[in-house]
Structure formats: structure tokens, C-alpha cells
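Quick one: this structure, given as C-alpha cells, is what I'll be asking you about.
As written, the chain order gives the labels A, B, C and D, with residue 1 at the start of each chain.
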Amino acid sequence: MIGLPGTKGERQLEDLRREVLEANLELVARGLVLYTFGNVSGIDRRRGLVGIKPSGVPYERMKASDIVITDLEGRIVDGEMRPSSDLKTHLVLYKEFSDIGGVVHTHSMFATGWAQAGRPIPAFGTTHADYFHGPVPVTEALTDEEIQGDYVLNTGVAICRRFRTLDPMATPAVLVAGHAPFCWGATPDEAVHTAVVLEFVAQMAALTATLNPENPGVSQALLDRHYFRKHGAAATYGQN
Amino acid sequence: MIGLPGTKGERQLEDLRREVLEANLELVARGLVLYTFGNVSGIDRRRGLVGIKPSGVPYERMKASDIVITDLEGRIVDGEMRPSSDLKTHLVLYKEFSDIGGVVHTHSMFATGWAQAGRPIPAFGTTHADYFHGPVPVTEALTDEEIQGDYVLNTGVAICRRFRTLDPMATPAVLVAGHAPFCWGATPDEAVHTAVVLEFVAQMAALTATLNPENPGVSQALLDRHYFRKHGAAATYGQN
Amino acid sequence: MIGLPGTKGERQLEDLRREVLEANLELVARGLVLYTFGNVSGIDRRRGLVGIKPSGVPYERMKASDIVITDLEGRIVDGEMRPSSDLKTHLVLYKEFSDIGGVVHTHSMFATGWAQAGRPIPAFGTTHADYFHGPVPVTEALTDEEIQGDYVLNTGVAICRRFRTLDPMATPAVLVAGHAPFCWGATPDEAVHTAVVLEFVAQMAALTATLNPENPGVSQALLDRHYFRKHGAAATYGQN
Amino acid sequence: MIGLPGTKGERQLEDLRREVLEANLELVARGLVLYTFGNVSGIDRRRGLVGIKPSGVPYERMKASDIVITDLEGRIVDGEMRPSSDLKTHLVLYKEFSDIGGVVHTHSMFATGWAQAGRPIPAFGTTHADYFHGPVPVTEALTDEEIQGDYVLNTGVAICRRFRTLDPMATPAVLVAGHAPFCWGATPDEAVHTAVVLEFVAQMAALTATLNPENPGVSQALLDRHYFRKHGAAATYGQN
């Protein structure tokens, strides 16, 4: 028990749970998940607590109280259920990418198609450039030892290895080779938004790759122009 | 008449009928059937009775009492209607695959596209590996004699021939060459679940095969890791 | 005026109009038309009268009284509106194919994709064979003279030319090269059913052609087995 | 303030706003936009005023009063919000194409797939010819200087450069290379109609290009026949 009923600590936990629940349900509403596939987590950085979807529970019956609360080592701090089997990957990402507040994993059709093909998604156009400042990268395949060892943790390690020279906030998604995408963002909600756009961009890119297999993608100038239109101090998109 | 009204025998029959009806309607809800395409059956192993969809009846008018009850030789034991024209294939599978309790046949778009192409669906990723412990196999084409003879029965025989060296519980689906998929499971409901995932995996695999035609599929290590995460004594997925 | 109000003649006309209206609306319900694309007609063979969709009228506002009644020469016999601009093609088909009672024209996505490609849809599987006793043929391209002359009529002529050696009841659809499909059947409703299946088969065949470009299609034996399971004196499918 | 409440000037402004709002919402209803992607504008030619979607506002909350009114130099004349970030492209089109009354920009899946591929959409069939009197052209890629300079304005300039020898009313759409389509028409509503058909045609053409990569498209005779069936003094389609 990490907060007495009615205390500030408990209210914060309830907020985290609700935020994580809503982000999980948004995956369903956007058509990104089949059955119990996929999972979203969120982190309360100040307290070092992560809320994550329970394993194998149907979305239509999921309640805020089903969201499992763990610490950054994966120890269950609050909650009755077993956490998502992908928990350890999420935790690696929270530890390594210090600015992220939410992580999403789906097996959405088109992004997973690219992940299975072991190909990064090229920056073929401005839709891509509005969200990703370069191709969406793909990890190396895990070795047999990594798979037979602490597989879920090693999936996270493979992602971080791929990001050694990349800024995770400028490229908030990755394709795990032979598996599926992971996305992240400042909040669980933002990470889901990125997962939805990634799926859209992945479908569009499959079409472009078919129509023009030699296409190298947009110029660096166009990539910069669109990316910085929506991100950073000089952003001009929207009402803020 | 195989059970007096109100007796245990009749209640069991009603349960089988309702289970088979619901599994058939789930095919519609999941978008796997057009018009009267597709059929689901279930078996009561103890009594040796099979319940199956009637032939050519619109799903929207189908009632539990329309489900036809036959024995394992295909003799109608109870019911007013003619059984699905695919009945004999279902019966062969029940006889040969002793652990299955439900069979599904659909002409779902993408799985049928692979069946028509005469290509097995490779295990391109973990979505596949979570359900199928290897490629989804395709039968050999039936000979003219098999087609002109007891065709529906011979379709079942061709499936079993293909499974001589395969475990039907580890690969609960097959593509009949030039025709369409059959799936099975411990219950009719589970068989439908597999049919839905097969369709999803088939679409994803078509994309992967286009993006990377040389892709050999995932490693045996990854296949094992994912398959046994959801199946067998060491399964860790879900709440049980 | 071809029937006094309340007479048998007028009631028959109302029946034809309602049948044609419902078949047109079924195209919308099945997702086969965009805006005012597509049209269905029906014929009263005894009286030599055709009912057809009016030109360019939104489906959501269409009423039975909007259906235009013409004779086989295209003269308007009853109705306030201008008939579909494709009327003359329909009339050629009614004159040449004496067993048909309904004609459908759509620009449905996948069937039109094949028509534009100028390729017949091969009989890749049993879904196809259940409805079409061979490939769905494609017409030759019209000459400039045919296009600049009585174009709509010449479209019908090109279809009939293609069917010189084919039985229109065994192959109840055609792709007009560079244009789109026409389908037909014993009734307008049956013609729409065929148009829906054609679109499904066309999508499936596009997938199969991509996965296995060398695929010659199913054997004649399988084509016969499936086609005659649903058609002709020896049919065994359904409840009749 | 450009019109006193209740005056004719204000009523005209309200009409423009409502027309532009409805056209924007139609994009959503037709499935052409994701999140806040896309934008529609309309022009009051007599007064030289343009109404355009505000930047980054969710469609489900958009009201007529959110539509921003600017002059042809992009100065805000009425409205509380920041206009679409694509405003300057719209303004170039209004200045150069004197007959258009509405402009639409989307990132719709298939049209954008072609734009990203840098390929014009060939006139593969009559569906295309009914709306576009030739291929849907693609602009040249912008130079780094154009991108780093007044990028949004230069996008409009690149479109007009591409139309030097084309009639914008006969080809009411363009693909901006590496970006996405722009469409236009006599009214905002008509421009949206064209955007919907363009997306449909783009999907169909992708299929055709896959099934028959060598396809040169329809003959000039067929292109003319269909285009002039729906356009110009000799049009015969519809009820007018």
C-alpha cells in the first residue's frame, strides 16, 4: 500500500491509473489492437512508479483498478493482477530515455509488417517528417542467447542499442525486428498518438515503396522544415 | 430423437447447439464471412455427436435450433435442415485430431489469398509465433480423382496427410490449396479465435512478403520463446 | 401512361420499380458505390419493359417513383427523370442474353482495378468457382470510332462480342477494358449478389497474383466440382 | 470588423464560414483525415476574402466562428484563431487560378502514397476520366532554397509552375512531390468532392499499376468521351 485512502499519494496513483487506462482504450478506439494484443504504460517520474496494463485482460472489461503499479525494478507496488508480459521492455525504456512519460506497444498491421520485414520505414514524405526526424529504425535481430535469456528485458536493451546515436524524442518509435513497434512520448496519451500516426505512415510508406522502389525519401531540408514546424522552440503549428 | 425434453441429454444438445451458433455468429461479427460463406462445428466427444451450421442459411436468421446434429458418420441425429456442405471435412478432422473440439472453415480474404497462391504462411514474426508453432501449411492440390470422387471427405484426407508429421494442436490451421483455410481448437469458440488471428497474420504476412521477398522468417529460438509463452505448462501470459 | 392506377399493369410496374430501387440501394449497403456511381436495372420480359436508376441522383434521396421505365429501344415509357447514362449498354445485354432479368454496373474498387489493367480475373480458387465457371473475361478496348460513335451502345456490343463463345449464365460478369465491371443475373437482386462476390473475388485474386504471379488457377476438375455444387440440376448447396 | 452585426456584409461572412466549416467536416465524414490533418478554404471573390480552417484545432470541436477570415495577402480580417499553416499555398492558388472558389489539402492515404512516390496518377480508366482530363500531375521537388525560404508560399508556386501548360479546371488536383495532394473546384464543397474521388482513383490506380505495370492508360478518345460526358456544354450526365 503506497498511499492512504484519500491522501495525495493515492490520488496521484488514481490519476496515473486513469491516464494509463484511457490510453489503452484509445488503442482499441483507433483500431490498433486485436483481442488483448498491445499495452500502454505511464510513469510518475517523481515517485518512480509505473502503471501498466494487466496481462491478457479483455479491453472491454478493463477498469482503472486493474492497472498494475510497479517500481522501476518491476516489483508490484499496488494492484491485484499480473502486469503485461512486456513490462520489462517498458522499464528499460523508462530508465534509458529520461524524458519519456509513456510507452506503447502494439502489433498494429502495417507497422508490424515493416518490423517483420526487418526494414526501417524511410521518411518518404512530410506526414512522416511532421512526427519523426528521420527513418523509423529497426533493431538488430536478437541472438539466440538473448532470446533464451531474459528475453523481454533484452528486447529493451536491443532498442536502446539501436538508439545509441539517435535522440529518442526526435524519433519516438522503433520497430523490433521480427516482432512489432514500440512508441513513446511525454505522456501515455502522446505515445498512443504517435502509435496511431506510425501505423498511418507505415501503410502509406508500403504503398510508396511499391510504386517507387528506388525512392530515397525526402531531402534533409524538407525533413527539417516539417519536423521543426511542429517541434521545438520555433514551432508554428497549432494555436499555442 | 436423442433426448427426451427436459432430460440431461437434451440439455447437453442445447448447449452444443448454442455454442456452435454463437461461434458461427462470431465469424460475422469479426468480418470473416460474406453472405452464407463459412461454417463452424463443435463436438460432444463423450456422446460422439457433432453440431454444425446448416447449409446456405443466412446468418442473420440463424437460430440455435437450426444447428444440425450428426454422428461421426454424418448421419443426421437431430435437426430439420441439411447440414453444411463441408460436413465430411469436419468429421475427418474430428476423427483424426483427437484433441480438437471445434472446427472452422472460412473464405476470409487474406488467408484465402495465400491458399489460392498455394503458399504456406511463413512465421514472419511473434504475432504468428504466439499462435502457430511454425508456418501455416498448405495441402497438396487434390487429384482429379479425389475431386471427382468423395471430394469433401478427400479434402479432410488431404489435410490429415499434410499433418502426418505435424502436431495439430501446435499448428491449429491449414490452407487447402486453391480453396481456403480450416482452423480448429479445443472448442468452437477457440477455433474461431484462431481463424480471426490467422486472417490478421495472413494480411500482415502478405505485406512482409512484399516488403522483403527473401525473408526466411523468425529464428527457431524466437518461435519457441513466443509459442511457449502462451502455450503449455510454462506459459506466463494472462492471469492464470 | 402504361397502366391505369390500380390496374394489374400498374401494380406490375410498381413491383419492377421497387425491385430495381432495392437492388440499387443494396449496392450502397454493400459498399460498392461512391456518390452516384453505379446503376442497376431490371426487366419485365413479358411486357418488354426495363426499369433503371435515374442519372446522377443521390442514392439517399432515391424513391421507387424515380426509377425510369423504358422499352427495349430506350424510349421512356413512364417516369419523370432522365435514365442512367449507361442505359443503352443494359439494353444490348437484355436483347442478347435472353435469360437475364437484371443488370448491374459498378466502379467497385478491385474489380475496376482489374478492368483498368485489362486483365481477366483468373479462377484462382473455389470462391471464384462457386460463382463463375471460368475466368471473368475482359473485353477488347473499343476503337476510337466506337468511342466517338454510339459509345454506350458499343460498350454493350463489345461485351457481347466477348461472349460469342461463352455462356452468360455460367459467367455472369465481364470487365470492360479501361472502364469497369458489368454483372447480370436472373433478377436485379441476383445481379447485385454477383457484383458483391465479384468485388470480393477481385480483391482476393489481386493478393494471389502478387503472392504467386505464375499461378495458372485451379484445375478444370475443381472448377467443375464447385460450380456445379451450386448450379444446375445436380446442385447440393443450400436447403432446396 | 468587416460588417456590422445583422448587415449584409456580416451575413455573407457567416455564409462563407458555414460553407468552409461544412466542407472541412465532410473530409472527416469521408475518412480523408486523421487527427487535425487536412484543411479546406473558400473564397468570396467579390470581396476578396478567404475563409480557412484554423491551425491544429480538432474537427469534432470546430465551430463556424473558428473559421479564420483573411484577405488575399493573408492578413487576418476576422477571427480569433491562427489560420491553417498551409494558408499561403491556398492564397497562391486563388490568385493564379481565377475560376476556383475552394481549395482542399489532405494527407489522404493513397493520393499521398503517389505523391510520396513522385509519380503522377495515370488516367487508367473512365472513373479517372470522369473527373480529370489527363493524369493527375506531380510537382517537381522544391529546392533547398525554396524549402528554407517562404516554404508554404513556394509550395503554391511549384504547383502553378506545374500548371503552366495545364487547365486547372480540367485537372482540378495536383500531387506535391514528397508531400500530399491539393484539390480545388468552383466551391469548397466541390473541391472536397474532387478530393474524395482522387483518393478513390489513387487506390484503384495503385492496384492497376501492380497488376499491369506497363499500362499506358486509356486512349485520348476514351478520356475525352468520359470527361466531356460530365463537363462542358455538351454534358449529358445527371438531371440538368
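Following the convention adopted for this analysis, a residue touches a chain if its C-beta (ideal position, glycine included) is under 8 Å from a C-beta of that chain, and two chains touch if they have at least 3 such contacts.
The structure displayed is predicted, hence computed values, not measured ones.
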Common touching chains of chain B and chain A: none
Reference chain D; chain at largest CA-centroid distance: B
Chain D against chain A, contact positions shared by both copies (same if over half, else different): different
When chain A is superposed on chain C by its C-alpha atoms, the rotation angle in degrees, nearest 5: 180
For chain A paired with chain C, centre-to-centre distance based on mean C-alpha positions, whole Å: 48
Rounded Å distance between chain A and chain D, as computed from the means of their C-alpha atoms: 34
Between chain B and chain C, centroid-to-centroid distance (C-alpha), Å: 34
Multi-chain contact sites of chain A, meaning residues that touch two or more partners: 210
Full enumeration of touching chain pairs: A-B, A-D, B-C, C-D
Interface residues, chain D side, partner chain A - complex: 34-37, 54-57, 81-82, 85, 107, 109-110, 112-119, 141-142, 144, 147-148, 151, 178-180, 206, 209-210
Interfacial residue positions of chain B with respect to chain A in the complex: 124-127, 193, 196-197, 200, 203-205, 207-208, 210-212, 215, 218-219, 221-222, 225, 229, 236-239
